[in-house]
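Shared between the two complexes below is chain A, which has chain B as its partner in the first and chain C in the second.
Showing the complex of A and B:
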């Protein structure tokens, strides 16, 4: 359990560095460090499916963020009201910590006991679906509705992005189209 | 791809890309097809497949990547994956209800086992792989003009 806390502290430090540093590229690298720390934490918690997914999605997001931030000078919003902002932030953190402390006291101990639904899946998942990966049997057989919704969300996102940022609609009349070099 | 292209990154990056991009694509396909037997699944494998095409595009430039998977083909594969997934779900009505596992289970630990789960994995892999590549292409080719205030 101590290694998990070490990883959590590492991730918190990485997140603080990511929001404090002035250079955008360094900030992206710090976010990547937080994500990779999360991958190791998921591996320690014995969830290889989620760890693989987190790893590849993290890499994809890093590539997109680096491509987006590398050549551009994005403006910083540095307002002068940092006292008010800090007070509001600390107040909200205190409220949420209090609420979380009250809620988390009622939860059972970490990983124990196994919930009723989960124990049914563990007992009968293999014989009912025939899949040796129980995560696969849950997300594509027992909870396939959720996966259908997730696929619908992704499909809608792709269609939306392709419809909004497509090249044809953005070219104004009389404008010279120049190819950007990749 | 053997022809020397002017665009893209340096020679070292291009050579390493030529050696590794096929292996990355193959690994993504393996994770998609073995989602019911080992860790992984449609989403993970689809992201790896998309990463292999993104790898090609970053190293060689847009034209080489579009020769392998054009933007129109990516849109087509996204739609095909969505239709396939919904069709598999609707085919469950032949036996009774939505998302019924109507194909026989088969022998465990084999490629063809677990009924509809590998087919759903393939459909989701198509959606995710082609969709994330299309999103990446759209976001990279987008050029925001900064507003100049005089």
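Showing the complex of A and C:
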């Protein structure tokens, strides 16, 4: 399990760099490194389907974020409302840690899950659905409504992005039209 | 248990970035880091010591499989995360076009 610890520490260091670096493009690249570390961690944790999905999603996210930050290297401001912001941040993290501490004591030990629901899937999954990959049988057969809801959310988000990004139909009367296609 | 604590540290870094930073792109980066931490936590709860991937093979009898249920749920959550990130970036780019800045305190109409 030592490789998992090394990967998690690598991810934490990458996250610290992504948060604290001044340059926006460097920050986006650092968060990409965190995501690729997560891909390797998922492979170690025996979740190959999730690792493949995470790899594709990570690369798409990087492309979108680099497109947004390209040529927009802005000065970073930290002045004003310093004390209030810090107090609110520390308060939120303290409340979260308190809740997390209560929950972590209730969890079963790492490596020994209870698997109440999953034992049924493991026993009867192959004979009921005929899928050799149990993750596929769960998302496409036992919990197909989840996947339907996921597709609905994806579709709604795509419509939202198109409505925000498009230029036709946003021009009001009396406004000077300036087209700048990038 | 130490693995859970490291995962918690990663989530706290994301939370700190969301609450403390004032650049919109930095806030999106914080949301992404928190999302990674939550996905990793779900996979960690389903891991079994010396387990195998939840994939059957025709001739080998595999008994010690990891929990497939959190993996299926996280698969859904990752795709939804991509959709929300794309929506956030689209809104951030529109804000940049309108106000010429990513700093949330310099946007006039957000001021209370």
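We take it that the second predicted complex is superposed on the first by the 156 of 182 C-alpha atoms of A that agree within 3 Å, B and C clash if a C-alpha of one lies under 4 Å from a C-alpha of the other, contacts with A are read in each partner's own complex, and residues count from 1 in each chain.
FYI, a contact is a pair of C-beta atoms (placed from the backbone, for glycine too) under 8 Å apart; a residue touches a chain by one contact, two chains touch by 3 or more.
All values reported here derive from a predicted model rather than from experimental measurement.
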**Asked** Who does A:5 touch here: chain B (first), chain C (second), both, or neither?
**Response** second
**Request:** Would you sort A:144 into first (chain B), second (chain C), both or neither based on which partner it touches?
**Result:** first
**Prompt:** Should A:165 be classified as contacting the first partner (chain B), the second (chain C), both, or neither?
**Reply:** both
**Prompt:** Is A:154 in contact with chain B, with chain C, with both, or with neither (first, second, both, neither)?
**Reply:** both
**Asked** First (chain B), second (chain C), both or neither: which does A:130 touch?
**Response** first
**Prompt:** Who contacts more of chain A, chain B or chain C?
**Reply:** C
**Prompt:** Who does A:33 touch here: chain B (first), chain C (second), both, or neither?
**Reply:** neither
**Message:** Taking the superposition on A as described, I'd like to know which of chain B and chain C A:62 touches: first, second, both or neither.
**Reply:** neither
**Message:** With the touch criterion stated at the top, can you tell me which chain A residues are shared between the chain B interface and the chain C interface?
**Reply:** 48-49, 53, 57, 60, 64, 67-68, 72, 126, 132-133, 135, 137, 139, 147, 154, 157-158, 161, 165
**chain B contact footprint on chain A (complex, rising order)** = 48-49, 52-53, 56-57, 59-60, 63-64, 67-68, 72-73, 126, 129-133, 135-137, 139-141, 144-145, 147-148, 151-152, 154-155, 157-159, 161-162, 165-167, 180-182
**Touching residues on chain C, where the partner in the complex is chain A** = 1-17, 19-23, 25-26, 28-30, 32-33, 36, 39-40, 43-49, 51-58, 65-69, 71-76, 78-87, 89-94, 96, 101-103, 105-106
**Message:** Show me the residue ranges of chain B that touch chain A in the complex, using the header's touch definition.
**Reply:** 7-8, 31, 35-44, 47-48, 50-51, 54, 57-58, 61-62, 75, 78-79, 81-82, 85-86, 89, 98-99, 101, 105-106, 108-109, 113-117, 120-121, 123-124, 127-128, 131-132, 134-136, 138-144, 146
**Fill in**
Residue set of chain A touching chain C in the complex reads 1, 4-5, 8-9, 11-12, 15-16, 18-19, 24, 27-28, 31, 34-35, 38, 41-42, 45-50, 53-54, 57, 60-61, 64-65, 67-69, 72, 74, 76-78, 80-81, 85-86, 88-89, 92-93, 96-97, 100, 104, 107, 109-113, 115, 117-118, 121-122, 125-126, 132-135, 137-139, 143, 146-147, 150, 153-154, 157-158, 160-161, 164-165
